[in-house]
Amino acid sequence: MRILFVGDVVGNPGRKAVKEIIPKMKRELKIDFCIVNGENSAGGKGITYVAAQEIYKSGADAITMGNHVWAKNEILSFIESEGRIVRPANYPCDLPGKGSIIIGSENHKIGVLNLMGRVYMDAIDCPFKAAERELEYLKSFARVIIVDMHAEASSEKCAMAWYLDGRVSCVLGTHTHVQTADERILPCGTGYITDVGMTGPYEGIIGVDKDIIIQKFLKHIPVKFDLARGSTQFNAVVLDIDEKTGKTLKMERVFKIINHQ
Amino acid sequence: MRILFVGDVVGNPGRKAVKEIIPKMKRELKIDFCIVNGENSAGGKGITYVAAQEIYKSGADAITMGNHVWAKNEILSFIESEGRIVRPANYPCDLPGKGSIIIGSENHKIGVLNLMGRVYMDAIDCPFKAAERELEYLKSFARVIIVDMHAEASSEKCAMAWYLDGRVSCVLGTHTHVQTADERILPCGTGYITDVGMTGPYEGIIGVDKDIIIQKFLKHIPVKFDLARGSTQFNAVVLDIDEKTGKTLKMERVFKIINHQ
Amino acid sequence: MRILFVGDVVGNPGRKAVKEIIPKMKRELKIDFCIVNGENSAGGKGITYVAAQEIYKSGADAITMGNHVWAKNEILSFIESEGRIVRPANYPCDLPGKGSIIIGSENHKIGVLNLMGRVYMDAIDCPFKAAERELEYLKSFARVIIVDMHAEASSEKCAMAWYLDGRVSCVLGTHTHVQTADERILPCGTGYITDVGMTGPYEGIIGVDKDIIIQKFLKHIPVKFDLARGSTQFNAVVLDIDEKTGKTLKMERVFKIINHQ
Amino acid sequence: MRILFVGDVVGNPGRKAVKEIIPKMKRELKIDFCIVNGENSAGGKGITYVAAQEIYKSGADAITMGNHVWAKNEILSFIESEGRIVRPANYPCDLPGKGSIIIGSENHKIGVLNLMGRVYMDAIDCPFKAAERELEYLKSFARVIIVDMHAEASSEKCAMAWYLDGRVSCVLGTHTHVQTADERILPCGTGYITDVGMTGPYEGIIGVDKDIIIQKFLKHIPVKFDLARGSTQFNAVVLDIDEKTGKTLKMERVFKIINHQ
């Protein structure tokens, strides 16, 4: 089974890139399923109903989130009824939304699990405990399990991968918006990359206009973030997974730059 | 001019990899100068006189540091007289050691500048201001200037690169111990990568034994860190720099795995 | 019922002050029970078996802890069998030790609950959820419930107090080592103070030698902490609690300075 | 000389309390000068021109700020021409506004210095270095020097007090919004308190509606802060300073609750 996982889609430029590239890749590379991290897809922070629909139309089968999941207030009105959005499973259990879902077809089921780190981030529940709890459930339905570990610290993402090695198909880091070059398959078959990267403005700083960020660092005066203009990058990984064992056989990074004018 | 920059060398495994690989690469790729981040070279934290000598013997022309620069107390006894060690320039100005140095030969001078980020790290002086101050000095001696920006947050490293674009040859991120795949040459000629990565144990978590780190995350009980055993990774970048302009012409990542048994 | 709660006891000076003052206060003020925060009682960090015995001998009926609970390794060998030590209830549930205990005599039972904040501290489990869970249990045994909320941020401690108002006898903040002047009884009868303060060296900075701390702030070089010498302070609160309702009727701060030479 | 220093004034309730209490205290206690921390005076975050005028009219001779100094954009338009507002001196030196000012009359000059901590706060310049620089200047004009050290960590505020002991009249902590009970005069004559406290809503959590803050801790969903309703607290210190030596002779906390319905 071939899966395409796309890193944090940022704003309109990110959604455009997704619309342009996913259908083509699905066709050309015979992608079976596509999962997209959409925590920044609406204006750079959070997601709206409209942004989610746009991402589905581009070919995504599921959307994972992260620390910005609640940034757009309206998500509270649709996340419960949305079967294809997963938000970090270690948010308090009384929050709306699901931490893991099953997607795919009858004979090709895929578990999708979203977790969030706590190092340098909001102190929510333990992602390791949450992973145990969700896997208990997912395991009875799916052998292929994709984990989006949304975290800042490389050590926490890497620890999760080793912790789940052999129990999930892959642990894919997101959040730093910078793709890492350390993709590998761990000894027991779990694919791992510290960060898939970002799909959004290429000429900025993690998607944001570079002059704004530089001024922020120089002056420490609060600023309004605007997305950067110019080219767009598309960051993703393509995974070949053995459906019988759930193990990752092959893993390849994708780093495309488009709209270069 | 061709320069090899090696990411955070961790402990004995890291130093061994350096000894094995640097001389060969220098020969085969005709490397002119080699710079090594050595902040973890002694036992995983800090540097000792002996570890520094070992790194020089392996072919390094300069050693950059980071937040662990003061971890081994003995550095206070030799950093002042050590002409080839640079520590983050934005530590308070009355601390021993230099934040930038000139290396190379008469007609091939290279400025080496070490900076440290402040996001999720110790709150020292402004790295942007420190860069301005050090560049003022370096510019009169060298056209080629290599910057090691040791920082946690991708945004801060990237901001430094854009801030210095056209004024230094490259801004090379270090500290996360995970190599990133975003190497590029910015519009005005400054080479940039968010993190060069780590040279040290491959079968661990940022160099440390994985079971120790996992237990730390699960239990939150203080632990003594041990380096991981097994294979070793060597992470670096090779830069081709135009000596006349100081601009980076080409930049290539190196990710080797050795001692695989 | 009159209860004496003593703020973070720091090292030998703190234990000496406890030995000198608690017995006298118990006698003079007719204290019924005494609870002591002992997270810094052994050398300034953590607790040992010997330090705990010394505190009991001085008249403490229970010892609460905090983020330094695991600092001395030996605690792992005795915390399980120790009936009078409580450690933050929101540490992962598979860790040794208890998050709440019942002390007192047959007809005068007191629940003691220890919680830890997460703002600017280690990201453990939710203290609010942990409080609910422990209270469920404690409520069936005791009407009088003393909560030690060990936290850095004033907002988190105050939020816990309002959250538990009417359900526990008091929420007493610890950890900053500075006594606050905001003691009050909330509308539903829960006594609250943001921080009880510290029992330890008076001539230092939160117990530590002042020159060491100042050098740390000036130079950012790691240092070994030594306790300050000179006078000692004793920080505590005395609570009068209605045993029938569990409500706090009166609450008084204690700030003594002793051994002034 | 008798000085009244008022802790963080929060929003409309805070400004009302200031208007009601300062004139009366000035009269009754023969206060010579009054300084007010106004970083939260406009709506709970930042200051506006109108809020500043209101505070002056209530009897303040100077306004100190803190980490919220830039929260209301309009401050950039008037801070330069405002002779009586001081903002933390360790913000980058090219920012508008002054880090220290001289107030008072010909023969009764008072230096007012504002500093900000960096522990758990934004990483700006070193407050200790900034203090040295500003004192150099202030010392030639005034013997009486009031320092508002706006910081989160008790250790950093206390370190500043010991660092400046004998060189300034007092170091008054602000920012936590909770008054501490540790006021003292250090051996060389500098008055110190870890936090003067807050002047604003009494029935909330650091001024904010308590239900909002509790929900924030329980759910981790971003919320809009509203000020709490009900009674208001007025937190301040009164200092008696020897004008000849600049030393603090006496220091008294003020904690009033008003508008109790």
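So that you can tell them apart, the chains are marked A, B, C and D in the order they are listed, and the count of residues begins at 1 in each.
Criterion: contacts are C-beta pairs under 8 Å (C-beta built on N, C-alpha and C of every residue); 3 or more make two chains touch, one makes a residue touch a chain.
What you see is a predicted model; the values in this text were computed from it and never measured.
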#### Entry: Between C-D and B-C, the pair with more C-beta contacts
C-D
### Query
Counting shared numbers against all numbers at the contact of chain A and chain D, is it over half, same, or under half, different?
same
### Message
With centres defined as the mean C-alpha position, give me the chain B-chain C separation in Å.
### Response
44
### Query
Using the average of all C-alpha atoms in each chain as its centre, how far is it in Å between chain C and chain D?
30
### Task
Send over the residues of chain C in touch with two or more other chains.
92, 124, 126, 218
### Message
Going by the contact rule set out above, which residues of chain A touch chain C in the complex?
### Response
92, 118-119, 123-126, 129
### chain C contact footprint on chain B (complex, rising order)
70-71, 76, 91-92, 94-95, 122, 124, 218-222
### Message
Using the touch definition from the top, list the residues of chain D that touch chain C in their complex.
### Response
120, 126, 128, 152-156, 158-159, 162-163, 176-182, 194-195, 197, 205-206, 208, 210, 213-214, 217-218, 253, 255
